[in-house]
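Input: structures, listed below.
Next come two complexes, and both contain chain A; in the first it sits with chain B, in the second with chain C.
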Partner chain A sequence: MLRKTLLATAAVLAFASAAAAQDKLKACFVYVGPIGDGGWTFQHDQGRLDVEKAFGDKVETAYQENVPEGADAERVLTQMALSGCKIIFTTSFGYMDATNAVAAKFPDIMFEHATGYKRDSANVSTYNARFYEGRAVTGTIAGRMTKSNKIGYIGSFPIPEVIQGINASFIHAKKVNPDVTMSVVWAYTWFDPAKEADAAKALIEQGVDVILQHTDSTAPLAEAAKTPGVIGFGQASDMAEYKPSPRVSAIIDNWGPYYVERVGALLDGTYAQKDTWAGIGGGEVLIGEITDAVPAEVKAEAEALATSIGDGSYHPFTGPLNKQDGSVWLADGEVADDGTLAGLNFYVEGIEGEIPQ
Partner chain B sequence: MIRLEKRPTPSKFWQIATPIVAVVLTMIAGGIMFAILGKNPVEAIRTIFWDPLFNPDFAAYSRPQLLVKAGPLILIAVGLSLGFRAGIWNIGAEGQYIMGAIFGAGAGLAFYPLEAWYIFPLMVIAGAFGGWLWAMIPALLKTHFNTNEILVSLLMVYIAQNILASMSLGLLRNPEGSGFPGSRNLSQYPAASNPELIAGTGMHWGVVAAFVAVIAAYILLQRHILGFQIKLAGQAPRAARFHGVSPTALVLLCMGISGALAGLAGLFEVSGPAGQISIDFNVGYGFTAIIVAFLGRLNPVGILLAGLLMALTYIGGELAQFMLGLPSAAIQAFQGMLLFFLLAVDLLTNYRFRLFTGVK
Partner chain C sequence: MDFGSINPFVLVASLMVASVPIILAAIGELVVEKAGVLNLGVEGMMIMGAICGFVTAVETSNPYLGFVGGAAGGAALSLIFAFLTQSLLANQVATGLALTLFGLGLSSLIGQSYVGIKPPLTPEVPFGPLADIPGLGVVLFQHDWVVYFSILLIAAVAWVLKKARLGLILRAVGENHEAAHALGYKVQRIRLLAILFGGAMAGMGGAYISLVRVPQWTDGITAGAGWIALAIVVFASWKPWRVLVGAYLFGGITVLQLNLQAAGSSIPVEYLSMSPYLITIVVLVIMSSGKGRALNAPAALGQNFHASR
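This part shows the complex of A and B:
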């Protein structure tokens, strides 16, 4: 008898807690690296925590880290959808096809894909940040700070987003230092500390003294720290532990406001499909503190540039600009349109080497 | 005091019991690790081993996924096990898997957008050929220059990875992909795609091929003279030579079969679950298959079960990560424990514990 009552109570409790869980909106996140990468994935996870902070017990979040881009991503997304996630953020370019494939099967679940361009069904939105705006600022610092006039760039994959970063860095380094040259090393990974460290080492051996990186770990900064006079920048995250040098500034991805906005919209019923591409002005890209390792006038110059990009008075891709082969890309005063930037597949004039084909 | 004593003959009982004991020990040690991480160990173990199979929310989806994940592992491991039995160590299945995918996908994309029945069979042949070709390099270097196939086949993996990157950026890049790397999606090209044969079962041609490979390897090892020669070469190379087994032929054959099967696995994966050639298309099936081969005692039926178990730890591990918030490193450590305990318990096959009392 007693046992029966206990069982019944347990059943009621279980039901009640299940019902309570139902009321919460479950927001899920898929990460390409570990949340402890100190860069890209770390920043997305900070955004997830912002969502928890903003909505308290109205939401519940879950995440999965180290998800390979490809067939595994599709399974992870499906399992998330089945587990009751109502909105799923897929935070790497390579999840694009998987996101669209799973979204087609779950029309009631919202999918948000970072840095992609496919929105095959109505429940897929895409969002990205204008990282190239930050690159213009770090490129300026790089051009002013280099003594060897050689700067290096660790590329992840030759996709438009990375090409934008390479071009923006070089254009602005060259603007303040006409003698500057830039070498690009492709790591073919978003996160692999060993490979990134090797890339940094190779660049330093070539005489590079400013390293810009488009990969997510702190390994290149750790490598730079071993050689006096070599500096770098925080990528995706502030990477403050390498302050004041080698990390002299950083490009910080600030996803929190976007995540809070989208989850909030889903909560109050105003959610709609969209494609977001915000930059310094929208607060998605922040410039990390420029340390005292940088002379005051360079710091002021960089900050002024960031301000002018933020208020829209200056666009980092403003002509006259030539393509690598010498042909004209943008005439004097002409500004690159978003369509061209989103598919950017050429270097600007002056960059050495070729985009891998 | 306790001593180890060599058994006169390997224990039949422990040969079978080793994997089971290893799994149980992994659950216990893994449970302790999960508890230290502040998670309920029983819940974690249940999520990994039970939920993918029986949870009402997931099982209908996860169970077929076991086949999708286990298919390539089994196909590659069966091929590797033949060589391993003969003492031929092909460690580079990952590279052969990549080359199979490139050759297979390349053959299919060459016909795009033609729709014809013969395209997929041609891709299958091209995939097997690509893997075979890549395995022949370390095999011929071994037979002709006596190089070490372990090193050469492993290093060939890195070359294959670079070819893969170059293919996804150049020759096989989707011309309509706005400059992004990666080939056309084969799952959207019906003549070249490898879809589920029966919806909702996870069964695709790669899984069928894996089952066929298991049966073929079983018959080969039990009933065919070649199987006998393979086993003999591994256990007693000198006796094998007297028996007329040519070491050169055996190396070429075992490397060739394992390479072709790994290539097939790559082709079925790229045309099915993965869908496209991309820079990071390979996710380590070729290396995990080595664990599967040993976990399955180099026996085809054992490999079948081991492949399914390994797939279960992957899929259950993913569930445990986002359901319970376990870090992915904990799941990797858990899978590592499985191999560790397997090798440790394996000692009991050839040795036994003896309890000595009194003074010796």
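This part shows the complex of A and C:
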């Protein structure tokens, strides 16, 4: 009896709060880390703030930080759905199954899953960014800037997104500097400042003087700052506090335009399910300011490359390109298709070492 | 094994630096456990030390005060543990785990406005020409003061536990608190002091991460170092010098596996990553296969004491 009363009260409350918020569209965000991580989650939260700025009092936003990937995510999503959220952004790959499971139960609520590929029901959309386009630009700068001809890459996990980054960086470093070699260190973490610092240190001790990182903290830059002449790039966020050196540029994830577009579409009724994979052209990937530590002609070259990728006249994976074992991947002028890229699991020719399986 | 282009001297030097936080936290916890208290909150105390040390160093622009601040932060958090377990006789395991969760959350709150700030640098101890000795100079004479402090601390703890009256009292409390009480020692007061020491050392270890190893503040910066410190105390079978060995082994393997990768070695990363844990298991098996109390754990470890019992 008591339980029934409680449930009824909860339902009335949920209805009441939903009714109260009816004139406002509620957009909710689920974050995998703390906003204070200075990287991935920080950028998603900037996107949330852009939504607030763009629509003012027509929307209200809510978010939850540090949501573990797994059963907890499903609970948080259900809670959000019940509390009146009309559109929910789940901002980590690991929320894929939870997002689809909850979406099936709430067909009137729109779900947006970042970096995933499952769209089981009509109210689930997915979105991702072509980070490898940014890697091509930083790879070019790396190839021009290295004096020891050794560049290093701190990988997180051996997944297609990271392998795209490694290949794109190496191809473009090699293009401007044929003598360049690249060492890849796998940290097996997205976020562990001490380990990332150790990885950067190990690379520097091996004579590497340009560090490209695919992990989220600023620790590799802090480590690079200890050794004069070593440079690096901001990852996910601008990491401007390490300007002008060691941070000479950055790849910035810019989710704001996408979030504004989707919330806007829901407001004016043009919303439809879709799968988005935009890059420099779509404004989702930005190149952070290239500092004066980089010579003007290198800066111009990098910016020209970014422009040509942005307007679609150049694709970072354009043949002729061989796989690591020397077999042909792309013939002259051929461009990699999205399907291959999304499942990329091999290095291009010239990179040493193996991808851990 | 192909060590490629790895310079062994540089490798040893970096493993010494990498191990400092776990050495400090582990030797502190060793003293706590020797007094018969099991504090599983090392991770929480470390991260509180990391943020308190960071804040102190940034606000005063003095890296040395930062370590004092870190030690104070860790000790302050351990005081909560001491109050709950020694005065209110709460379960030590549960309280310790809660302490870790509390420390992680509180440090994140305090650190909100300190993200992205660079702390003052902790300089190397100047050894003059000694630092330029080939090989040895890199290994022995190019570190900051905390590296030397951590080794001296191990020596001091080893000496006190083995030779000094203070160590004898501490061990008595940890082995048999009722006998110690019957002899007139204030069991709870001694344990309180041991807990505070453990908290201060864990805090200092945390401060070393945020001030020297990573030089910045981010949420969750200690990333499990406190749990490794706890494992090392068992690995060392509660003997101070073995803490040093254990910490260098863990630190060494971490640094070595990254170096091997950077040098392009063909040994799979996974084997190297798991090797310290494998060695811990092997050591535990060997130690516990002996007769009697070969594990050497303090007999009253984890048991609360009240004079009325």
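Methods note: the second predicted complex is superposed on the first by the 336 of 357 C-alpha atoms of A that agree within 3 Å, B and C clash if a C-alpha of one lies under 4 Å from a C-alpha of the other, contacts with A are read in each partner's own complex, and residues count from 1 in each chain.
Everything below uses one rule, namely that contacts are C-beta pairs under 8 Å (C-beta built on N, C-alpha and C of every residue); 3 or more make two chains touch, one makes a residue touch a chain.
Everything numeric in this text was worked out from a predicted model, so none of it was measured.
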Inset, instruction - After aligning the two structures on chain A, examine chain B and chain C and state clash or fit. - result: clash
Inset, instruction - Name the contact category of A:G353: first (chain B only), second (chain C only), both, or neither. - result: second
Legend entry - Contacts of A:D37 with chain B and chain C, given as first, second, both or neither: second
Inset, instruction - Could you tell me if A:S183 is touching chain B, chain C, both of them or neither one (first, second, both, neither)? - result: second
Inset, instruction - Would you sort A:D338 into first (chain B), second (chain C), both or neither based on which partner it touches? - result: neither
Inset, instruction - Could you say whether A:Q64 touches chain B, chain C, both of them, or neither, answering first, second, both or neither? - result: first
Legend entry - First, second, both or neither for A:F191, with chain B first and chain C second: second
Inset, instruction - Considering only the stretches 9-17, 27-35, 45-53 or 81-89 of chain C, report the one that runs into chain B. - result: 81-89
Inset, instruction - Residue by residue on chain A, keep only those touching chain B in one complex and chain C in the other, then list them. - result: 34, 188-189, 356
Inset, instruction - Using the touch definition up top, name the residues of chain B that touch chain A in the complex. - result: 57-58, 61-62, 65, 68-69, 165-166, 169-170, 178-181, 185, 269, 273-276, 278-281, 283, 315, 318-319, 321-323, 325, 327-329
Inset, instruction - Within their complex, state which residues of chain C touch chain A. - result: 5-7, 10-11, 14, 18, 21, 108, 111-112, 115-118, 209, 213-216, 218-223, 225, 254-255, 258-259, 261-264, 266, 268-270, 273
Legend entry - List of chain A residues in touch with chain C within their complex: 33-34, 36-38, 152, 183-189, 191-195, 197-199, 201-203, 205-208, 217-219, 222-223, 225, 241, 352-354, 356
Legend entry - chain B partner contacts - residues on chain A that touch it in the complex: 28, 34, 62-72, 74-76, 78-80, 82-84, 93-94, 97, 117, 157-160, 188-189, 342-345, 356-357
